[in-house]
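Note that the chains are named A, B, C, D and E in the order they appear, and that numbering of residues resets to 1 at the start of each chain.
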Amino acid sequence: MSINLNFGSLLAPPHAEHLWAGVKFTVMLTMSSWLLAVALGVVLATLRSVGHKGLDRVVGAWVSYQQNVPLLAHLFLWYFGISAILPAAAQSWVNANNGELIFASIAIGLCMSAYFCEDVRSGLRSVSHGQQEAARSLGLSFVRSMGYVILPQAIRTAMPPLINHTVILFKNTSLAMALGAAELTYVVREIENQTFRTFEAYMLATAFYLTVSLGLMGLGALAARRMQVPAR
Amino acid sequence: MIRFSKVNKWYGEYHALTDVTEEVKKGEVVVVCGPSGSGKSTLIRTVNRLEEIQQGEITLDGQDIHAKNLDLNHFRTKVGFVFQQFNLFPHMSAIDNVCLAPVKVSGKSKSEAKERGMALLDRVGLAHKASSYPQQLSGGQQQRVAIARALAMEPPVMLFDEPTSALDPEMVGEVLNVMKSLARDGMTMMCVTHEMGFAREVADNVWFMDHGKLVETGKPDAFFANPTSDRAKRFLSDLRSH
Amino acid sequence: MIRFSKVNKWYGEYHALTDVTEEVKKGEVVVVCGPSGSGKSTLIRTVNRLEEIQQGEITLDGQDIHAKNLDLNHFRTKVGFVFQQFNLFPHMSAIDNVCLAPVKVSGKSKSEAKERGMALLDRVGLAHKASSYPQQLSGGQQQRVAIARALAMEPPVMLFDEPTSALDPEMVGEVLNVMKSLARDGMTMMCVTHEMGFAREVADNVWFMDHGKLVETGKPDAFFANPTSDRAKRFLSDLRSH
Amino acid sequence: DQLADVKAKGVLTCAVVSSLEPFAYQDTNTRDVVGYDVDYCKAVAKQLGVKPELKVVSLDARIPELTQNRVDILAAVLGYNPARAEQIAFSKSYFVSNQSVAAKKGVYKQRDDMAGKRIATIKGSSNIPIIQKVIPTAQLVSYDDAPSSFTALVQGKVDGYVLSESLMRRFIARLGDEGNIEVLSPPVGRESWGLGMRKGEPAFVQAVDNALDSIEKSGEAQQIFNKWMGEGTIYKMKRDFKTEKIAG
Amino acid sequence: MGEILSHHLPSLLIGQYPNGPLGGLALTLILSILGLGFAFPLSVALALCRVSPYAILRVPSTVIVYFVRGVPLVLLVFWSYFLVPVLIGQAVSAFTTLLVTLVIYQAAYMSEIVRAGMEALPKGQTEAARSLGLGYGLTMRQVVLPQALYNMLPSLISQFVSTIKETSIGYVISVHELTYSANQVNSSLLTMPLQVFAMLSVIYFIVCFALTQCAVAVDRIVTKRRAGSTITSIESTANDPILQSQ
């Protein structure tokens, strides 16, 4: 089978517009679910570090539920399942306002929040107990020692996994395709179905995902380097 | 100044301190020694309440350290603590380590804290390293910064938990010298250390602990020449044997 | 037996060894000392080529150690190396640690290697711990197993890089005793150590290093009584001062 | 020559799409795949004198499955359109279906009221180009399978859903009254379904066409239709087509 | 809910078997086990290439790992769906396609785990082995790999959980695994998506959670065994976030 590459038709209307719309959707979905995941993740990590046994259990159960079920199942459950038990008014509002984006953001955001929560938590744990003791010995209160001593160090440690999970979140937005969400993978598959230009279509998508993923990894490494404390 | 009365502490089942009763007078330097696991660290950590006690009482200038209603953060500014592992804040430069508490706890102005911090760094011989980060300093230098940091709140009492054990032999001297100068200036100090030379030179009293008990106390000359307890005899001979 | 001629080594820009020229004779015990960072470890690590050199030559029995065509693995069986951090293989029992190289490198039979390994463990006083894993041994015991492991290939030369620095003071003696007995049996040894008692007792020569240079060499008695260089004087007084 | 290969193997591998009652679906009780497409596959295999073998594929993987030699023939709700005809060869029609839009009852009067609305389709289905032509302003939302699309319609996630009328009626019947869904007229298109085969195998296509003719002639075609969509079923449909060459 | 359960549970657990191909949870598990089984040796090889001193091994393996880490699994599935038949000149089933993809995907991620395990070993381990005269290969085989793999056991179990979750992607190419089966059940019920997908989540949860607990237990054992040994530089790894793919 010889491969005759021809990107021309894909990069001209109407496909070009579809691709662009898909890219925009993917970016939007990534950002909305990321914001949800990070915000919730930090809240959950804080709840877990308070040291209340019951609270810790509840958050722990939530985290392990999110982590032990595939994202695709979360997506189906939210889009077809949970949406069905919403009040009728809410349902029609969501349906009228890009429901695919909303439900996909929720499902992805909630699922990834579990990972972000654990990242922040392990960042906190990586700061040696001696740091907390030293800070408290100087008379700093718990809150102050967290703010000035523990968190600044924890974030440095948590940076690489947070970046890594951001990349995974970005890649996982492609699963929203199963909900009819018109993100990039969905669009590429449609175009592929219409034009049968399989290789070209997938190459474009792959290039996009690779560029963004590697870009995020690079930015993350850069940020980690800038945050790094000068060493010998 | 610091008075222990019938202090008992348990870690779960384990009886870590048993009926410790003794006193550190103002301006006195006490060296605490004893075999590993004997409770030395536990004892001095109770003094700034890094460890809670279950029975007995510890007072500092008559104030009950383990009182429920103690303003802990304020109290701790009165006790400087120096750790074996230095525990400098790695994301802050030396001077920032020193200034953190004066600025954030006592509410001093940055410039005032800095001026005083530089004086302290100078005192420990590290004014030229003020803007270095902990990782850029040798162990001995880190420990000296840690001492300056503890001094920044002008505590009347300083506690040292094996301040030289994590150091290369080369660097032990520089840290001990700073401690000696503190002692000479009349600072009240409790030091857990194996450095017997230091104890001989500056300690007013040596406390020997074993199995959570304060087995023997005495002037350094008497203690090193003629320990009364068998356990102390064995301990000293082990230390000397090589 | 080991001859350094004009050895130079750089880490990037940093000149770690400068023109080191000296010799270790057969059966001689050399103690290398000097301040931290002076290049002691670097020097002895070049002898079994854990570090490469950029200039000069090191020979063992006339053989160029840094020759391009050297059979490195075979050569290394002729030099035993003992690390500060012991570096036992934690997933193997003591006897397996000792037998690994004889079986896998020299191709000895398991039973033969084991018999000889037990003899070596016996020599370091640990025959009864043969089937223990490193985690189950104290630091001193681990270091003695490490010595037995290095001896298993029957190397004519042994190198020690601060073998007692990572040990609790109580365990230093047992390791030094093993080293002393090796020295007495005529082993050629290079030891980086701060244990001056050991140096006095068994060293034939002391080498003093500073800033990557071999500053001074001499018989231990002469060196300790009358160091010629200023740097060595200061170093010795630092070591003694506490 | 594929015909010879199939005969030599003694097996005809048919791709079917198993999420579409009554064409091919898994019987809940026996957990066998059964249906109209399945019966056609079996009938053609019998005519060719070989054993039928089913392979369940997804809608948008049908054509690649065929072109990459994973199956011999598609009996997979495959509507004819010119783009597809460039990829693969079609047999004579074995089913002709109206493609219709369904929507919530009482909201829209007729098909063209759907202009500008969100209409569900199935990924890779032949409805997509048709609806794009008939209602160009419609916004299409594609799901992976027919039930997902229908669920989306029932849940109001889309305003309409375009599908073969027979399939649509089945969904509506299954749901009963509570679903509140109706089929809008007129249909958006009428589509002939053929069995799909690889290009460049004229002998094989001819043999399959002959087989379909025999099935038609013997009345077996009518039987199969009645069994799955006739009076006795929830669809109550009449067979208003004959097996014939699909007009390009 | 109870009724759906009793009626459709067999479909979810074993698919059409014995009347048709095996599917459902059984197929999910088979895919995961095979996936991990093939991915494991491949990942060790990749990791060895990644730390190899030879650029000719290091560069391609690094490219593979970064490629896999940068592209969504779905897209990789599509790629192998079309590329594998072209490359081997033979039709392959959707099952094989998915398996191949999972193996590549998991091998890339697991190689990072193995590499992290090797790099976390104190340098002294290699130096000690080399000082004894063990060559590169012997050092890897006798000293580095046994420790790295043992220390990373918890992460490797967690990776198995990831694999199970990743098989759900089979849905998009009609591999009859658990998610696909659930959609089949949903098709035939049509009106109970909440119940069906909740049940799907529960089944995944039970299986994955059990394994996660297993990883935690193994982690505890490993950490305990490691305590006091020379290897203290790595923290508990069962939940090491860098190393997990999903």
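Following the convention adopted for this analysis, contacts are C-beta pairs under 8 Å (C-beta built on N, C-alpha and C of every residue); 3 or more make two chains touch, one makes a residue touch a chain.
Worth saying up front: this structure is predicted, and the values here are computed from it rather than measured.
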Chain pair, most C-beta pairs within the contact cut-off: A-E
Greatest separation from chain A - chain, by CA centre: C
Angle of the C-alpha superposing rotation, chain B to chain C, to the nearest 5 degrees: 170
Central subunit by CA centre of mass proxy: E
Approximate Å spacing (C-alpha centroids) for the pair chain C, chain E: 45
Distance from the mean Cα position of chain E to that of chain D, given in whole angstrom: 37
Distance between the centres, which are taken as Cα means, of chain B and chain A, whole angstrom: 47
Inter-chain centre distance, chain A versus chain C - centres from mean C-alpha coordinates, in Å: 53
Residues within chain E bordering two or more other chains: 82, 171-172, 183, 186, 193
Junction residues of chain D, two or more chains touched: 64, 144, 148, 151
For chain A, residues that touch 2 or more chains besides their own: 80, 84, 178, 189, 198
Contacting chain pairs - touch in the sense defined above: A-B, A-D, A-E, B-C, C-E, D-E
Residues of chain D that touch chain A when the two form their complex: 60, 64, 83, 87, 120, 123-124, 128-129, 141-144, 148-149, 151-152, 155-158
Interface residues, chain C side, partner chain B - complex: 35-36, 165, 168-170, 172-173, 176, 194-195, 197-198, 235, 238-239, 241-242
In the complex, chain E residues that touch chain C: 122, 124-125, 127-135, 138, 142-143, 146-147, 150, 225-231
Parts of chain E lying in touch with chain A, wherever the complex brings them together: 66-67, 69-75, 78-79, 82, 86, 161, 164-166, 168-169, 171-172, 179, 182-183, 186, 193-198, 200-201, 204-205, 208-209, 212, 235, 239-242, 245-246
Residues on chain C engaged by chain E in the complex (per definition of touch): 48, 50, 73-77, 79-81, 83, 85-91, 100-101, 104-105, 133-136, 146, 149-150, 153
